[in-house]
Amino acid sequence: MPQRPELTAVGDLAFSCRSLSVEVSTKSGPKRLLAPLDFSVKKGEILSIIGTSGAGKTTLLRVLGGLVPPMPDSEVLAAGVPIQGPPDRVLMVFQDYASSLLPWRTIRKNVALGLETQYHGEELRDRVDAALDLVGLKARGDEYPWRLSGGMQQRVQIARALAMEPAVLLMDEPFGALDAITKSSLQDELLKVHEQTGATIIFITHDVEEAVYLGDRVLALGGVPGKIIEVLDVDLPRPRSQIMTKEMPEFLRLRHRAYESVVEAELRLRTDQ
Amino acid sequence: MSQPTAVTGSTGVSRRGRRAARRGNVVPLRGLAPLVVGLALWQIFGTDDSAFFPRPSTWVVQIVDLAKGGTLWPALGATLESLLISLVVATIVGGILGIIVGASRFVDRALNPTLEFFRATPSSAMVPIGVLLLGYTLTMKVSITVIAAIWPILLSTRAAMREFNPTLLDVASVFKMSWPRRIRTIILPAVSTAVLLGIRVGAPVAIIVTILIEILTGITGMGALLAQSQQEYNSAATFGLLVMIGIVALLFNFLVGWIESFFTRHLPPA
Amino acid sequence: MSETMAIHLARTPAKKKRWYARWNWTGAATTLVLLILWQLCDQLGLIHFAYIPSPLQIVGGAVQLLQEGALQAAVAHTATVAVIGWAIATLIGLILGTIMGLSKTVWTWTAASVEVLRSFPSITFVPLAVLLFGFSSSMELVVVIYAAAWPVLVNTLEGVRTISPGLRDVARTFHLSVWRNIRSIVLPAAASKIIVGLRLGLNLALILALAAEVIGNPEGLGYGLTVEQQALQPARMFVYFISVGVLGIILNAILQLIVWWTLPGITALAERGRKS
């Protein structure tokens, strides 16, 4: 599948990857998780990543998050600087939200986790409150995580990341384990946050509709090791609406195309095996 | 040498019942009836001068005598002092060892046979050796108590390290935490719950071994008093001291259990 | 297959390890090294702790004691008392625990007393036992039975009480008699907790047997320890000490074998429930 060349100036790029590949050593020899990838992410855009299972989506996100080192011959730049460990102002929101919250801290103190080294007292409290407000959980601030539902715990994780005022938010299937209603309300909250903060958001999802609904672009990965099989530009107007946007012909076309490429890749994967 | 954990009572419907049930010590007080009735019957039908089974009132008399004689309270103090020092040392050493052994598979396997041997050996067997090596000292008392009581703490900490939630470490990386901060805000709190559980299971062990050492060696303490009254064929004092030690143990275990539940109130009801 | 699964599979071995891979070679090696260091330290005079014998001296002491027949007699005595006491304690604990577990009334009126009595350190009953029974093996036996009964009772109680209500309903719908109910449903369902109680009881039996021997009964390993300690014979004393540890390991292994032999399903259940 051809890859679109990126024509934007370096200064506008949140991420720029050339020949990005990841290999991991196993008992049966080195195993390549990502084939060499070339792509970039503009500042302030929402990039959805979809793809077949095992294509390396989480690995890709973890590379951008500085948690997994790429092969030496890859070039991965965050805001023009090569990544060595978690880059500045880049924050990751994990799929397993329950495990990512510190169970011995209240919600407030969980959100304060990243801030407490820098801010104290009144200012810390205000920032924590602001973040909780963004996700609508200020009222439950003094409770412990176990008392909150899954959707709320995920919101706490998001609030914790937002409290740091990140430039980039990396999210790994953030709404995957939630029911449909919670999911759609969180999707809209995410869009609101994006509008208010202008952060770059890169997120992985198995929900193709969600990918198209939220994203400015959709990146489809497929195959083992993962390769880019499609990059779709989503030209739908903002602000998006759960009902209106999803009825637009352009939405349906994009959704169709996205499904097709993933399904094709999935079939190819099965027949190859 | 460990004792099983408390029996969990039936979960009451009321909120108070549920909260107490979470702590695992809701047991209907009516259950004390057999004890109370037994003691009452003994008091009524027993005699003051039976050689082997004097009535409870005689026990009280003997205890008061000991108190007046100036031996009771120092003994209690000595036992409690040794107990507290032992628990503190056991917590620190057990916690650190547990972290090391839990974190490194290699160290775990390397030290396993040695540790297992000490764990399997009853503390009563260690006392003569302790006496030979360290004499009749507080050091010996504390050392052996620590060796006996350390296992629940060590094992619990080790398990917590093994089952440590890896996502939390990822969170630490994402928030770019320095290692000291990582240890302070993530590893230690996660491990301390396990340590507290270990202390709760280890406290009764510590009590038993402390008393045991006092009985065996005559070092000042409640156990020594107990052994002494037995040697003097003072059965009333023996019973009295037995009950007193039992009550102290009960209160101590209750206190430790309460501390544990205080520090784990962030956890959902079990 | 998902990438997490791929990475996970990559990290775990594909097949069961061979027998030589399952042995703890690291552990054995470390222990050997430590023993050699100990011996060297003693011979080079690096540690001069008057009363720590070297491993070779301990071996020498063992040979002596075996030739005198003292070691065997002591082991036999302690083992016999511990096992017999444990068996009787198990019977008592199982019966009482089952009754308390099955009958809510009995439980309500006795549980608190059990909790209170259980907290009394079992060691405190030894002087009392000496008072009542003198310095004899019966004293030792009584102490062992008293101490070992509690864990069996408490764990049986816990196991029986927490049988899932579904199983209880099964017993009712099948109109099982009380005895059949206990034998076919209650005991097997509570088996894993009961076995924990049995193991704790066995260890406690050994501990108290030793304590009783050290305090008052002139027989067995505990007595041997005291004798050698007073005679300032560290090597022989360490022989007794190590024998105690070995006896504990052997008894636990035998119990494990019996459990495995009579209830093969249990270990499989436990393996599944236990995380590695």
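A, B and C label the chains in the order they appear, each numbered from 1.
Simple rule for what comes next: a contact is a pair of C-beta atoms (placed from the backbone, for glycine too) under 8 Å apart; a residue touches a chain by one contact, two chains touch by 3 or more.
Keep in mind it's a predicted model, so treat the numbers as computed, not measured.
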Using the touch definition from the top, what's the fewest steps needed to get from subunit A to subunit B? 1
Just by CA atoms, which chain is the most central one? B
With chain centres defined as mean CA positions, report which chain is farthest from subunit B. A
Go ahead and name the chain pair joined by the largest number of contacting C-beta pairs. B-C
Measuring centre to centre with CA averages, how many angstrom lie between subunit A and subunit B? 49
If you average the CA atoms of subunit B and of subunit C, how many Å lie between those two points? 19
For subunit A versus subunit C, what separation do you get between their C-alpha means, in angstrom? 53
Which residues of subunit A touch subunit B in their complex? 65-67, 85-86, 91-92, 94, 96, 99-100, 102-106, 113-114, 117, 144, 146-147, 164
Subunit B partner, complex, touching residues on subunit C are 24, 26-31, 34, 49, 51-52, 107-128, 130-132, 150-151, 154-155, 157-158, 161, 196-197, 200, 203-204, 206-208, 210-211, 214-215, 221-222, 225-226, 228-229, 232, 234, 237-238, 240-241, 244-245, 248-249, 252, 275
Footprint of subunit C on subunit B - complex, ascending: 1-4, 6-9, 25, 27-35, 52, 106, 109-114, 117, 120-129, 131-133, 162-163, 204, 207-208, 211-212, 215-216, 223, 226-227, 229-230, 233, 235, 238-239, 241-242, 245-246, 249-250, 253
Please output the residues of subunit B touching subunit A within their complex, sorted ascending. 165, 167-168, 170-171, 173-176, 181, 185-186, 189-190, 193, 266-268
